[in-house]
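Shared between the two complexes below is chain A, which pairs with chain B and chain C, respectively.
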Partner chain A sequence: MNARTRSDWMAPVKSGLMGGLIALLIAMVGLVEVSVKRPILTADGRILLSVGQLLLLLPIILMCYKAVQVFAAGCEKVTDRLGLLATGALSGFFASLVLAALVLLGRVINLRTVFIRASPDLFNTLTFGLGLGGGSVVLLLFGALLGGLVAAITLLPDRIRRPLVLGLALVPLAAILTSALFAGRGFSVPVALLVGVVAAALTFAWRQTQPKLQDRVAALSPSGQRTYQVFRWLLPVAIVLALPRLGAYPSEVLVNVGLFVLMGLGLNIVVGFAGLLDLGYVAFYALGAYAMAVLTSPEMTWHGIHLTFWQALPFAVLASTSAGIILGIPVLGMRGDYLAIVTLGFGEIIRLVFLSDWLKPFLGGSNGITRIPKAVVGSIALDNSPKLYYLILAGCVVAAFVAIRLKDSRLGRAWMAMREDEDVAQAMGIDLIKTKLLAFATGATFSGLSGAIFASKLTSIYPHSFHVLVSINVLGVIIVGGMGSIPGVVVGALALVGLPELLREFAEFRLLMYGAALVFMMLTRPEGLVPEARRKLELHEADGEV
Partner chain B sequence: MLRRLLRRVSGTTVFMWLIGIAMLVVVVWGVYATLSSGRYKASDWIDLTVYGIAQGSVYALIALGYTLVYGILRMINFAHSEVFMSGPFIGYFVAMALSQSGFFNRQPFVSLIIVLLVAMTVSTTIAVLLERIAYRPLRRAPRLVPLITAIGASYFLQYTFLGLFGSGIKGYPEVAQLKGYWPFPGTSSGILRTQAVVIVSAFVMLAILYVFVQRTKTGKAMQAVSEDKDAAALMGIDVDRIIVITFVVGGALAGAAGVLYALLFKQVKFDMGFLPGIKAFTAAVLGGIGNVNGAMLGSLFLGISESLFPNLVLDGLGLPAPYQLKDALAFIMLVAVLIFRPTGILGERLAVKKA
Partner chain C sequence: MALLELQDIHTYYGAIHALKGISIHVDEGEIVTLIGANGAGKSTTLNTICGLQHPRSGSVTLKGESIQHLPAHEIVTRGVAQAPEGRRVFGRLNVTENLEMGAFVRVDKDGIKRDMERVFTLFPRLKERAKQVAGTLSGGEQQMLAIGRALMASPRLLLLDEPSMGLAPILVEAIFDTITEINAQGTTVLLVEQNALIALSVASRGYVMETGSIRLADTAEALRNNEMVRRVYLGET
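Let's look at the complex of A and B:
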């Protein structure tokens, strides 16, 4: 192996500093401060590890891992084990150096006049409550140790490493989920060890037995295979149906996730299938909600019509669909960026018009519309989240079914051809006008449905619920999940809507995380978490051509 | 003859023309009704126009950032509105420090120049970082990818500032010498001193930029890169360097625009970038995106019409509280321009080109 040059040692320092800077940013925007009370590991009622501390550790761990990878790249098998460990420790050390510098700075001058989150609490968290001198030393040692550990884990053989990493990752996840769902107090050390070991053992066992199981299934008789398939489907369906049993608050979260899944399925057709970046998507959501409100609320007396939820639903959806077509016509000739900004304009125009005094007698202006009745099925009023959940679920299932069926239909293939290249698609005989308008109309329909349910869920709507940020949220959902991927929408909505709602303290940081997620996904994994096969091919086309 | 005409005119074209005619009728009717009612004096119109020019000259500084980047990378730098916000935001802390030490009151103009320089530096840094981290790795990616990145970066920056510095409105210190009017000679009306300062400094900067782009070697290189990147590279132009310079210029102008904006409105807030950003973009499109002169012209046009429109048109139509729809005007103009003349007033090439 070649002798290490100076630049080899600069790389871990650089990635360490980078990790430290990211951790610094996380601390200074206040993410740590709000989540330091949410426990993961506890001992005798004291918090050993909190979500806030984990958030600080994550970027450092990731950057150490990156440094180690850079070090290991280029040689088939790592022979210089000590060098590898040193690389990890070095980058961990420099990452914690950044944080230690912050602590020092914070003690010398009062950062708080400018950075409102630079509180003494934060410095206490950073120094493990040991004060400036001792704390900084411990912090630096801890960083180096952490980096070394990361490097050590990469040295383990694959068979052991994977279960170990999974176990390590699952413990905090499980602890956070239980603490959010059941107001738990995190795991005590023995429980955490138990969870980790069980998770690791299960992964280990699963990886050993999975090939055999697959052979067994393949060897089953046809009728046995059918039963197996039925059970494979029944289990998730049963889980999805039983979810509201978790309680009122989780159901509330799920209902919100459902609303975003519905909108995401719609926007997925427009952006994911047809490649038309629509930033004014919230307009159709607003129209669906307002149509529902105007038609059903007893406050709205100017038209003399009062419908029930189910009577108004078709009209609300129809209103959004036709708006999708009407707003679609002017933008037919536009592509890419222009389309994005014009649709953004449409969304804002609609919100400003709803907000203005001009239409106040008809749409309530800034006071919004209240007293929207709840939906009633038979004799049951869907007046709480566990019941509303089923309504949303039904809507999502219908929408997902439509989206799945459309995807490989003639129309769906036309959308994808258009996404690839409009000119070629047109040359192939695709009617661009019809295809584009159908994309806008279908997307708007789903969004309108979501809006209508939203209105009856809240029983009151205000123009400020329909800010352009909602469009960005939905865009984030489908980008993170994977453009054009239908399961991706669900995953994206769970991750971007469900998680921040479960962990309430992060609510104010939602958009910060959306923004970061959009940039991060585009830079590292543009095809999303659950990629759609064809989309992935397109995005990595360039890599293959080299 | 008629049949041939009918075949060429599709349903959608007719629909768009109908919208266009309807808009025109509304505007003409509103103007007529307002003017014939005689509710406003001539001096009112002058005040509004001056305000519009001040606003428009700030838009022009921002719009140039959009136009320069679009000309070169063919992408809308969505995060430019945050580049605009970041400068005066950090500048605020400098201004507060200066004002606490009493320096601001002793030397208001020196202080303002210090704040301006700080703001320009911060905005430039953010713009360059954006290019380096978010846009450069994606230069060969499909069209939507950098656009989505830009949107993400915009929200990330906005909410990072919210997290770092809080959500409150931050009031800029007032400059005592800039209070009040400078009267126009021979008339009863005058010009607000802040507005005069804003207009003059904006025009000075625009002039400097104009000379930079048209006369210097780097400026010419920028034009060449915007015309054809590959050919420019063959001519020995370092394309990466030119792109960075474009972001530097755009960032510096946006930072300056931010301080002028703070002078006009006396406050900064983490989300102050969104509306001026989108309006400046509208102005850039209005003038023909990628076209430097067009951006300046479009900005002034947008600024003036935005300040006249509520009183001139909506008031005549008898709408209650017309100023509420002021922001909608920018969006309506954006939509209308893109629909009826996507090339803008001066531009003739970019919008039809496949980005």
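Let's look at the complex of A and C:
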């Protein structure tokens, strides 16, 4: 290896400073302050590690990791172990230097006139409660140690490293989830150790036995293979069915996630399959909800019809489908940005129509429509979240089934060809008008179904529930999940709808975290969390890591 | 009766008068070429034939049936397929899927399979790369794929738009050999080219286009010997 030049040492310093600055930003906007009370690790009622502290650690860890990766890049096997450790430690040191500088500055001048979150509490958190002098030194040492540790972990052989990282990542995740779901107090040290060790051991064991298991399965008789497949599916299905057992609040969150999964599956067809960027998708959700409300609520006396949920459902869905086609016709000739703008306008028009005083006697205006009846199955009223969960789950399963079947169908092929090149698709014999309208109509149908369930879930709806942000949210769900990928929609909805619901203290930072998540995704994993194979290929063929 | 006949075609892009009264015909079994400079209206003529552009006046008849008002996707079903300018393969689909897209309008599974084999025989390179994503093919392979994809529609008339564009001379020769072979197997070809030399060497007749109208129409041999063509399009002094 050549003698390292100066720029080799600049890289970890830069990464470190960057990590420190991100941590600084997180602290200054107040994310740390709101979450420093939510425990992850506790001992005798004292918080050892809180979500707030973890938020400060994460960017530093990530940037140290990046520095180490840059160092290791280009070598087949890292020979310069000391250099690697030093790189990690250096970038960790510089990251904590930024935070130490903040503490110092905060003691000298009163930052709170501008940055109201630069509170003594924050400084206490940063200096481990050890005061200015000692705390700063400890902070710097801690940063260097953390960076070194990150570097050390990358040195471990793969079969140990993966279980270890997984165990380390799972502990805070599990602690946050349990504390959010069951108002728990985080994990005590022994519990955390237990969770981490068990997770790591299971991963280790799984990775050791998986190849053998696959051989065993391959050696099974055809009927044995079938049984294996059934059992392999049985467990996830059982878990999904048992989820409402977690309680009313988790079910509530899951129902909201479900509504977005349903919408996401629809928008995924329009945007992911057919490549038509629709920013007014909330319109169909609103139409489904309002159709349900108008047809079922006893408040709506002008038409003299009062249906039950199930009687109204086909009409609500049909209303959205027709709206999808009606919107589709004028925008048939539009592509890309133009289409996005027109659909954005359409979404707003629909909301304003529902809000208008002119239509108040028919649609309730700003007062909305209330007293929408709950759905009833047999003699059971779906009047709480655990019961509603099954309704939305059924909707999602049907929608996912339809989407999967469509994807591999002739129509799915036509959508794909149209997304790639409209002119050539047409020259191949694809009827663009029919194909586009079918995409809009299918997407709108799923959204309308979601809206109808939404209306009967809340029993009252107001125009402001159908803000343009809902459209953006759904789009975010499919971008984060992976454009065109059906499992991606579920993962995206869990990440963007489920997580923020669980971590209520972040409510006011929701959009900020949303933006940060999207930027981070675009930088590191533009194909989404669960990418469609084709898209992954396209995005990575340039760097040859297919 | 001619397989394809254009009579006094006028096509506009908005206010721009792109084709100013084009009349050409292609007989069954021929290779006919349209040569001309950039912007002469060659691609517009092809797009007018296959329905991606519609003429403001004039008629396009295929086997005596007028088709100028049909949408593009219906003209394909009548036996006209195009390999567009700049190849435009479906970059994210693999070679086999691209070929399958070419047969989108067909339902005869056996026929599609036979034609797939035929394309693979004509272009053995495509067979080697059957599972490769089209966007990662070389320019020559993409051109082969674009032609193969058009053949998958089992057309009576094959429209080729600048098949030599951006390819190395040796590849151009190979592609044109295959075009001759496709024609010998019974497909009529209308070929648009800027490379007049090679186009006139495979075609039986040719038209020379200039700024939206036909300047010359003759047999390929006569055009090769025409003084104006030699000077302007074959670069001889």
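Methods note: the second predicted complex is superposed on the first by the 537 of 546 C-alpha atoms of A that agree within 3 Å, B and C clash if a C-alpha of one lies under 4 Å from a C-alpha of the other, contacts with A are read in each partner's own complex, and residues count from 1 in each chain.
Assume a contact is a pair of C-beta atoms (placed from the backbone, for glycine too) under 8 Å apart; a residue touches a chain by one contact, two chains touch by 3 or more.
These numbers come from a predicted model, not from an experiment.
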Chain C versus chain B on the shared chain A, clash or fit after superposition: fit
Chain A: partner with more touched residues, chain B or chain C: B
Spatial angle chain C-chain A-chain B, Cα centroids [nearest 10 degrees]: 70
Partner chain(s) touched by A:M263 [first = chain B, second = chain C, both, neither]: neither
First, second, both or neither for A:A144, with chain B first and chain C second: neither
Touching partner for A:M522 - first (chain B), second (chain C), both, neither: first
First, second, both or neither for A:A316, with chain B first and chain C second: neither
Contacts of A:A417 with chain B and chain C, given as first, second, both or neither: second
Touching partner for A:L49 - first (chain B), second (chain C), both, neither: neither
Contacts of A:M428 with chain B and chain C, given as first, second, both or neither: second
Distance of closest approach, chain C and chain B, by C-alpha atoms in Å: 6
Footprint overlap on chain A, where chain B in one structure and chain C in the other make contact: 423, 538
Chain A contact footprint on chain B (complex, rising order): 10, 12, 15-16, 19, 70, 75-76, 93, 134, 137-138, 140-149, 151-160, 162-166, 278, 281-282, 285, 319-321, 324-325, 327-328, 331-332, 334-335, 338-339, 342, 351, 354-355
Residue ranges of chain A touching chain C (in the complex, touch as defined): 410, 413-414, 416-417, 420-421, 423-432, 534-535, 537-538, 541
Partner chain A, residues of chain C touching it in the complex: 50-52, 71-73, 76-77, 81-82, 84, 88, 90-93, 100-102, 104-105, 133, 135-136, 149, 153
Chain B-touching residues of chain A, taken from the complex the two chains share: 25, 28-31, 114-117, 271, 275, 277, 279, 329-338, 340-342, 344-346, 348-349, 352-353, 355-358, 360, 423, 433, 472, 475-476, 479, 509, 511-512, 514-519, 522-523, 526, 538-539, 542
